[in-house]
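Chain lettering (A, B, C and D) follows the sequence in which the chains are written, and residue indices restart at 1 in each chain.
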């Protein structure tokens, strides 16, 4: 988990230099805590911010993920759609297939319905921003999940901003988890910068979902340390608030706790960091050198799936 | 108020014989309680079921309303759209302008925004079904109203059914009012068959809205004694449940209480009923005799409003 | 063979496919046993397959379509009922931007074998006549079916359910219980993208879908009495559009008349006109005309509704005008 | 006169109208002082008019449009920003079924003087290029503007805000900060429904809107060198469509080439083709051709995006093909 958290941090940091990326620096504990420890047949539908780390955690190849951000031929979708938000569905990772927020939450609920109908022992875990939570799609999906008792865990990655809009203005409730009451499902608040706490809360909800207990709404409170886009100035964030949250850095927090309990020391951290950095930089380098997609990838004849295609779920 | 309630009952009863009408028999206390006692500049956006009674209560002409149900030239909209759901906007009554539920709640919130922007001392009161409450539009509108502190009262006319679907299946929350917590606004439950209680709860919310206190979500619990459409068999309603609710008839309840407190007696009731019935049957008769719209009402050149048209709000 | 209504034929196809493939299920508002679907659109399905496979849902159109997509991506084959075509306006985001793009944007890794079925057109209850089918035709990745007969209702529905792609299936309320036709009891698969020549003719090509095919046929019969020989083409599936049949027919007749129950702009008939104009307009003079719904919001009063909608007389007049050009 | 960018011209029009009419206000996501609107689309408005008239909203597109309609009906004149055209797919119900119908269905009692402004097209940030403008054109009751120049951006925006009807106003991201033009500082009202002949010519009528007008002009200039004289028509407002200008031009040139940045089916150019085919196709041979975006979901990789989009070379090739028919 520490390695994953570090990878998430380095990944997000490194992309923070990329034009038009939406980094999740400071929010990695929500991503890792939410998606760590699921079984192979489970689906995830990560929020776009942090989606690369989520897909990596579920077994995606780092180079191919990064190639997707650049739109290279080695991307999972061959460069056909934005690799920063569109994830490898063949790995049961539901990303965005358009620029529209909220749909992925609806798809997650649908995948959970499939799990239930197929009698599969699987669950779906989905994250979404607090800004996204105000979309009708999220309301309808939560209510559908509740009314059909679906095996899905819905987690609000509340980083307190949606572009320049403070959650104080967009949400008058104390917590997005308060909305659970309106769907008659458990609502849980968890400290989003504590990866262990997030993970525990999610796993409790996963266990409930797996055993037929239906959905849970979790709010993991964190903070958008990055700009909305890479390089954006965040003048609209209160400096004191920002400092406070930077002090609650989730990576350092985990590292300190691991060190305190003797499971890790400075040298151990450095070793993992070195390994992570070299894995990442190797992947970035390869992805950058990968060719752009061939013209045929435009796929004028590939808008519709043919009969008996290979994408059928086993 | 008693006269209005009686009129609502007779109106809904009389239309229950009309093909494709959606009667509100048994739910009249919500309609009358919600919209009674507003000021002239206030707007209302009634749920489609009971909308005629609501518009009547706000001063609409009975004959013209009924002509709308038949699609006659004397209708407020000259027969251009369904008079059972589309109300006279010139009287500040926002009905439906399409067959899509939920929009009217969004329009209500927008009208409240106009009140606020204009610095008007007015409020908007809107009702909607419990089935409708599951639409994304209602969620987005509630949240917008809350985040902008708008002068609007949103009332769920919970008649426990949406077509054949029981609210037990569509809603897992104890009350639609529980959703208020998720918007950080007051949520109030009220007995929907008690017109006095509904009116009191709404007026409290109206006072709050008028004084800048923002929106309130109220659930008025009632029961759909009518079929979804006129004449529909309601085999899916539990007979015992139905009987129980019929015993709680809102009209009888008001009448008994008025009689108990000596404000009315049997003769008085009969007199009002006779007056109401004759007003109604006169209106129905006139409306039935009214001519169908002239071909020009088709309005091939009237899809767009001309400059400086007469519909501009003063 | 049995004589079936359009509604019976649709339900027969769904029953057949649900029996054949356990991945097929049906969801929507009022589709379950208590109601059997608006206008009996799901008659008997819940009784036969149970509430587990015929699922009643709250009023949440956009969420429902998104859930259908998610279920499809995860291995099921959902049939999603959106009660009326008018409500397609609520689901364009998941339909056009997700369902239509997933095969392409996943690089061919997962498809969306989902049928969205919806009632539309002026029917016995009035109300909700809009279809907006042109919106769906305009975006890549969605197929669109609008059967005109019970036989096609059955064959196209079965084909839609077996298709690996999202299909929006329009069921005309005015045809639902009114026409009966011999329909094979056994499996019937009508391929998408193949127009049906309902009547051969040499003077004018008259193109339509859905209920308008019947109007076209009546008008053609009347015109025949006056010596005007009209070829009537039922496009059946606006996407894929059978361009070859369309262009072939107009090459022969030299004239094109299209008939739309909806507004003239941006619907599948407008595309038929554009295709013909592009393919043939440079080679010869082609008189072309569109008969369509009056360009006003669909009116309610019975007489206004009739004035707005195309009918036999309007088609006959337009055909004659084309010939006199 | 000052030289303004397209973005500056838009903001100038909004400023002018907000100063002139206290009923005009602006709302949307990220429109307030902290951000000044995506791509500076609201630059300085909040500073000048305050948070009371330039209102930041949560992410709730459908609710936002419905609120705009409600505010308009109750006497205000809202400008509603839907950040990107792609998100119009979320608001079709209130837009097409309410905003477009209220004047008509209220029997002319209230109108909806609302502007929905939205960014679209391939721009500096990539992403969200879709416009779906054909959907809006297809339903009665909505006006649609797609300016191609700073001058028209200003004049059409002012006209849109003064219009008593709902207008969907498309702002091209690729034009936003790239072109500059002399724009009058004083009030400028450009009437809707009047096409602009950008270049007179006698061989081919080339029709476009938005960024494609520039592509058309470049292609025309190149073709002129080869002796091919192209008339370039900027339709400016797809609704109302200036049919007279369109038909007049094609009557003169005898050939029609349309240029769409979006998919070819059901967009405003498809309607232009249909109108010309109906009006002129019976009288003479008219070679017609459409150049449009490849009919696939808009691709991401830079080279695929370029392959998919129309460009000068494709227009030139299509023009020559038309002439050789």
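Here is the rule we use: a contact is a pair of C-beta atoms (placed from the backbone, for glycine too) under 8 Å apart; a residue touches a chain by one contact, two chains touch by 3 or more.
Note that the structure is a prediction, hence the values are computed from the model and not measured.
Asks: Looking at chain pairs A-C and B-C, which one is connected by more C-beta pairs in contact?
Replies: A-C
Asks: At what distance in angstrom does the C-alpha mean of chain D lie from that of chain B?
Replies: Centre-to-centre distance between chain B and chain D: 39 Å.
Asks: Counting in whole Å, what is the centre-to-centre distance of chain B and chain C, each centre being its mean C-alpha position?
Replies: Going by mean C-alpha positions, chain B sits 36 Å from chain C.
Asks: Taking the mean of the CA coordinates per chain, how far is chain A from chain B in Å?
Replies: Distance between chain centres, rounded to whole Å: 43 Å.
Asks: Which chain B residues touch at least two other chains?
Replies: 78, 80-81, 98-100, 134-137, 139-140, 143, 147, 169-171, 299, 302-303
Asks: If you look at chain D, which of its residues touch at least two other chains?
Replies: Those would be 57-58, 60-63, 86-87, 89-90, 93, 97, 101, 104-105, 140-141, 295-297.
Asks: Based on the touch definition given at the start, go ahead and assign the chain network to line, ring, star, complete or other.
Replies: Shape of the chain contacts: complete, all pairs touching.
Asks: In the complex of these two chains, what residues of chain A are touching chain D?
Replies: These residues of chain A touch chain D: 20, 71-73, 78-83, 98-101, 131-132, 134-136, 162-165, 169-171, 235-236, 292-293, 295, 297-300, 302-303.
Asks: In their complex, what parts of chain B are in touch with chain A?
Replies: 134-140, 143, 146-147, 169-174, 176, 178-179, 181-185
Asks: Tell me, which parts of chain A touch chain C in their complex?
Replies: 43, 75-78, 80-81, 86, 88-90, 92, 94, 97-100, 103, 105-115, 117-118, 136-137, 139-141, 143-144, 147-148, 299, 302-307, 309-314
Asks: Mind listing the chain C positions that touch chain B in their complex?
Replies: That would be residues 29-30, 32, 34-35, 56-63, 84, 86-87, 89-90, 125-128, 294-297, 299-304, 307-308 of chain C.
Asks: Along chain C, where are the residues that touch chain A in the complex?
Replies: Residues of chain C touching chain A: 25, 52-53, 55, 57-58, 60-76, 78, 93-94, 97-98, 101-111, 113, 140-141, 143, 164-165.
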